[in-house]
Amino acid sequence: MEEGKLVNDKGIRVDGRRVDELRPIKLEAGVLNRADGSAYIEWGKNKVLAAVYGPREAHPRHRQDPARALVQCRYNMAPFSVSDRKRPGPDRRSVEISKVISEAFSHVVLREQFPRATVDVFMEVLQASAGTRCTALTVAAVALADAGIPMRDIISSCAFGKADGQVILDLDKAEDNEGQADVPIAIVPRTNEIVLLQMDGHITKEEFDSGLKMAVDACHRINEMQRDALRRRYSVTADTHEAVKAISEGV
Amino acid sequence: MEEGKLVNDKGIRVDGRRVDELRPIKLEAGVLNRADGSAYIEWGKNKVLAAVYGPREAHPRHRQDPARALVQCRYNMAPFSVSDRKRPGPDRRSVEISKVISEAFSHVVLREQFPRATVDVFMEVLQASAGTRCTALTVAAVALADAGIPMRDIISSCAFGKADGQVILDLDKAEDNEGQADVPIAIVPRTNEIVLLQMDGHITKEEFDSGLKMAVDACHRINEMQRDALRRRYSVTADTHEAVKAISEGV
Amino acid sequence: MEEGKLVNDKGIRVDGRRVDELRPIKLEAGVLNRADGSAYIEWGKNKVLAAVYGPREAHPRHRQDPARALVQCRYNMAPFSVSDRKRPGPDRRSVEISKVISEAFSHVVLREQFPRATVDVFMEVLQASAGTRCTALTVAAVALADAGIPMRDIISSCAFGKADGQVILDLDKAEDNEGQADVPIAIVPRTNEIVLLQMDGHITKEEFDSGLKMAVDACHRINEMQRDALRRRYSVTADTHEAVKAISEGV
Amino acid sequence: MKDVVSELLRDHIYKMAASGKRVDGRAPEEYREIKVRKGYAGNAEGSARVDLGETEVLVGVKMILGEPYPDRPKEGSIVTTMELIPMASPTFEAGPPREKAIELARVVDRGIRESKAIDLGKLCIIEGEKVWIVFIDVHVLDYGGNLFDASSFGALAALTNAVVPASKINGEDYPLEVEHHPISITATKIKDVIVFDASLDEDRVADARLTIATDENGHIRAMQKGLKGSFTLDEVDYVVKTARKLADEIRPKVVG
Amino acid sequence: MKDVVSELLRDHIYKMAASGKRVDGRAPEEYREIKVRKGYAGNAEGSARVDLGETEVLVGVKMILGEPYPDRPKEGSIVTTMELIPMASPTFEAGPPREKAIELARVVDRGIRESKAIDLGKLCIIEGEKVWIVFIDVHVLDYGGNLFDASSFGALAALTNAVVPASKINGEDYPLEVEHHPISITATKIKDVIVFDASLDEDRVADARLTIATDENGHIRAMQKGLKGSFTLDEVDYVVKTARKLADEIRPKVVG
Amino acid sequence: MKDVVSELLRDHIYKMAASGKRVDGRAPEEYREIKVRKGYAGNAEGSARVDLGETEVLVGVKMILGEPYPDRPKEGSIVTTMELIPMASPTFEAGPPREKAIELARVVDRGIRESKAIDLGKLCIIEGEKVWIVFIDVHVLDYGGNLFDASSFGALAALTNAVVPASKINGEDYPLEVEHHPISITATKIKDVIVFDASLDEDRVADARLTIATDENGHIRAMQKGLKGSFTLDEVDYVVKTARKLADEIRPKVVG
């Protein structure tokens, strides 16, 4: 492989992946004691934990929506999750990510069932290595299902991008730093509706179209892993059998 | 003119003004779409926009006055309004200016007519060049009238000061920086009551007396410009005829 | 005395004190006009003023305890109280000290008598020289009594520590800086219950035991000074005779 | 924080839009009048006051001397702030930037930064020591819908108006070079209908928002989907195509 | 934040004042007893504890080594902070400085700064590199009315007590030079009556406030009108004249 | 902020404890299972994930180059932060550190700092210019009682796992030297009964808390009494003795 090349002539990337190949993903549901639902993911070198509390009464009261539940997400990076220590607490980047993830989940949670309530979703990035917002959204979707929050579907997320002029799936850290574009998306797998889409960089319409197709396909593969994690979880706890069924059938 | 002299032997200042002459003033009422009242001023090189919202319910509730409306002013400088970029948001100086302007307007707004309410006055300094508090107060008075807020009078503001040992009206930037004193005042023109008065520097009682007279006179001239701007505004919008009349007659 | 020695062979410290000797203490009750109770202390080179307001309604309302009063203490250092100017406002150290002092007083104030109320205790360190938390707690206890707040007892506070390998009472600044341990305590004198205990440094169990005994004894001596200050205060104001009696008898 | 918007308004706007009409008479892909006044703020290195229909923003560019980031010793930097000052709307509040203002500022910032409109390398004065920091401060004066585009237009226009104050370091002032001209176009979805350049009322009833910035070559430079609704793949395709077309029409008005 | 003051109290105070009397027996232009204890705070470079009737403030001066502002390389600086600590009044709250404390601090600061009481040039140690920064921290211990004057007296007294800690830079400590002695006098207007050195109750029912600082030559150095009332031109004239007279009486008590 | 805990739960826990039993079947001095996974957070210089029964904390150590404090030119420094992130409990809230988190962080910090577990002198690189700053960031993931001990174990374990990134200054990375191994043991008092390693429910009904850190020599290194209750002198004696015993049992599990 040429020096400095991110994708070689055979379409193989530095870490050995093909252009449309995901990094390895490990997902586990039900990992915390206090939360109503929780999940843990390792995606490439990312490690993210998600917890869900609710539906519970929203505070302060003037924030309540009398017709439906709020879905409030908090994406947070641990100070030691990145090479240069990050100051504790929300910065502008994490506020924006929290907002777009909240909006994505608001589309699928059956919010009308819980007026005045809030569903709080906490995502803690414990180790970060490119693509944390997709990783966080994916694990949070499992935590929401684990908490028994009624949803139209389990949403799935993945990024595509461009490096060395090639459209590639699921950028790793070097590809993110040196590539030309990064496009995180999230979809409702059952309908292929797009609920999260961001992009910056430089990409043509044609590249965008082919990358989007690649990422949508990958989201479906990821959705299978999310459902597997929930099945493993529920095979252990038989009393939540109904919930499993509801989710597998996509009520 | 001698080098470094702010006022020459004939009483003429660097920009050609006499000691008792104002910088050019342009005033326009009704310039914004969302606000209940608004006005815009160019005073020398100052550019200030004012907007008024209200009377509306005061929040949080514990700040309400059961007997009368609050008048809450916010003087703010845009980051790019000054040579050295100003950090966004209120600093101690703008908090103080907001306070003294709020107090000045509280004297003339007929606050008893709107218990529990607030009248919010926003002044944005877009370009600053000495005398912004007088400029802001003057344009805000027009915005209050434009919003139809009942007032005993339209207050007017102007500064006097001292440079090269001479008492002068309406200091420009060089005179403010190198002069010996700056005395912003605001008056109720109908009664000559003083509702704003600040000063720092070094001035004798005699200089203060003659400067104060000069500034009070100037406030009356400024008041004429304020009324002109409102007349121009209302000649366009006939449906607010009553309001014009009320203001011109000083109800 | 050897150079650099904090305690010499005869058990005498740099400032001439024996190992179990307190710095000079001056206490005065009722020193402020506005507060419901107040007291002032000079302890070595420390100068601390305490004021008590309440019982009064707790705000915001959601902090109220429907069954008993809150005891809310605020330990604060004036910016000029230390050699290096301290930024105004609470830092992490003063938040912690405020917390442990609040907890100590919560044990003795008869809180059940004032549901939903708060008793606010303010301690201002005007000059600091080692041992300010013990000094502040001791003077605040007098201010609480001066305010007529019903308490099971007047608590007293003192530190012990270790310097030059010797267990010593009431460390001064050099001993605090160069010593091996500092152990502030506070007790309920009538019962010898410990209501405040902190320690850092390096001390053996045996040293701790002997130091604790020393400090408990000292607390009893300090309690006598606290009661003296109150007696002097009440001998002046006869109308609070009942309160004196209540306190001296420890109702 | 919440506009209480009647469902009636929502239905009215939707029904009109569904039949290809809009409340203010525009066609679905029609932008309101755009007026750009450059150089408005005389104490800024560059500025532009942009009217987009009833929306008005003022953007000032200030260039300050500073140190580069340790990991990028040869580059200056860009900082974008957005103040939704309470003057602009009865529902904005003063104070620290809230979610909405942060999203706006970050999207405007990425539009400029990631499109490489400004070559950060050219902002370096002395490697590792001294660089220009470009502050883009967006001041929203009147909020009449579609802040994303109005702010982006303002930022680009102010940059094309900016002069590097090199006289501060004993050089000669020169115009800031703007290498690309990304134009942001925002589609707003109400139920299943899409309109562009939403008015205030359309903004208030919107289900989803998709902002696309494309450059003078028709390349995509930034995207941001917002709000709680979704877009189908076909809708995304339609919005991207339309954004390229509209951007080409609007670019001359902004860049001048 | 709001004292609920009965209209009865207001009427009572006004009626007495209208007949030239005050609740505490003072004449309209009479100050309460002033007690100044300098050097009270041993860890400060200078300090003064000032009693003005029932009002008590403690002011500490700290002198810190720092860098000058880039645009004033030959000058040190002054920073004045005011803490209305909750100890001093049941209605003060802790936390970030609010409007009232900011106005107080800024008026005290201007009184010192603009009167050139301290020559900032003499605070310069190495041009462009090292200067003294003078912190004047005003700590209000007991609030019994007329904080403006008590705080100003305290600031001036603490400065006249201050020693420049030049030993920190291998010099020898020396007294801080105070070049002017501006004395702040505050008039309080209740309806149409004016009194000086308002007591707590007079403060609570005041309609307007006018603070005038004059120096040892009778020159005006600072003014601040406050509150929602107004002053006529004649009243301003009267207050200025009276302030000069009272300042001359009070100055020795403060400067010592 | 307030858990509404039924008096019934309190009585139940107390009655069991008074008869030497605990709700989860443990003996009064018995700790829950301790599981320590070191090196969990790959971007940290050192890290440890600690399970203490149902409580889980993750501690990361980051080492940053910085300047020493002027008064300690030959020493690096330690900064401990504690985030009670809302993930860990329905009653924690995000935002600035509140009292509880501050007390926790400061007690963990003192346990490390005052026991001289890290020799600050060895963190000095160039006297007066460059030192290592050690950040110990405690992230509580699951709150199941006894945060003081879990956090302290995590901090010590993460330090023993840390590598000094000397390659950043052209040296070779080497393990951070940990000179002492203080183990924190917390006693919780419910009415007049004392248990160790409180469960969540025991924490919720606790009257008083006493934390003792002892080192490998049995010497006391840090103490903190908390909550509104009190301890008798005999109880303090008992807790200290028991803490030494339990620390010796637990130390190998933490240090590894």
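Order as written gives the chain letters A, B, C, D, E and F; numbering starts at 1 within each chain.
Quick note on the criterion: a residue touches a chain if its C-beta (ideal position, glycine included) is under 8 Å from a C-beta of that chain, and two chains touch if they have at least 3 such contacts.
Predicted model only: the values in this text are computed from it and were never measured.
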item	value
Chain C and chain B - chains in contact with each	E
Farthest chain relative to chain C (centres taken as mean CA coordinates)	D
Chain whose mean Cα position lies farthest from chain B	F
Inter-chain centre distance, chain D versus chain E - centres from mean C-alpha coordinates, in Å	48
Centre-of-Cα separation between chain E and chain B, whole angstrom	27
Whole-Å separation of chain centres (CA-atom averages), chain B against chain F	58
Shared interface positions of chain F, touching two or more other chains	none
Multi-partner residues of chain A (each touching 2 or more other chains)	none
Chain contact graph, described as a line, ring, star, complete graph or other shape	ring
Traversal of the chain ring from chain C via chain E	C, E, B, D, A, F
Chain E to chain B touching residues, read off their complex	1-2, 97, 99, 102-103, 105-106, 110-111, 113-116, 210, 215, 218-233, 236-237, 240-241, 244
Chain D contact footprint on chain A (complex, rising order)	63, 65, 92-93, 95-96, 98-100, 103, 106-107, 183, 188, 191-205, 208-209, 212, 216
Complex contacts: residues of chain D adjacent to chain B	40-44, 47, 54, 56, 58, 60-62, 64, 81, 83, 85-90, 94-96, 135, 137, 139, 141-144
Contact set on chain C toward chain E in their complex	32-35, 45, 47, 49, 51, 53, 56, 74, 76, 78-85, 88-90, 120, 122, 124, 126-129
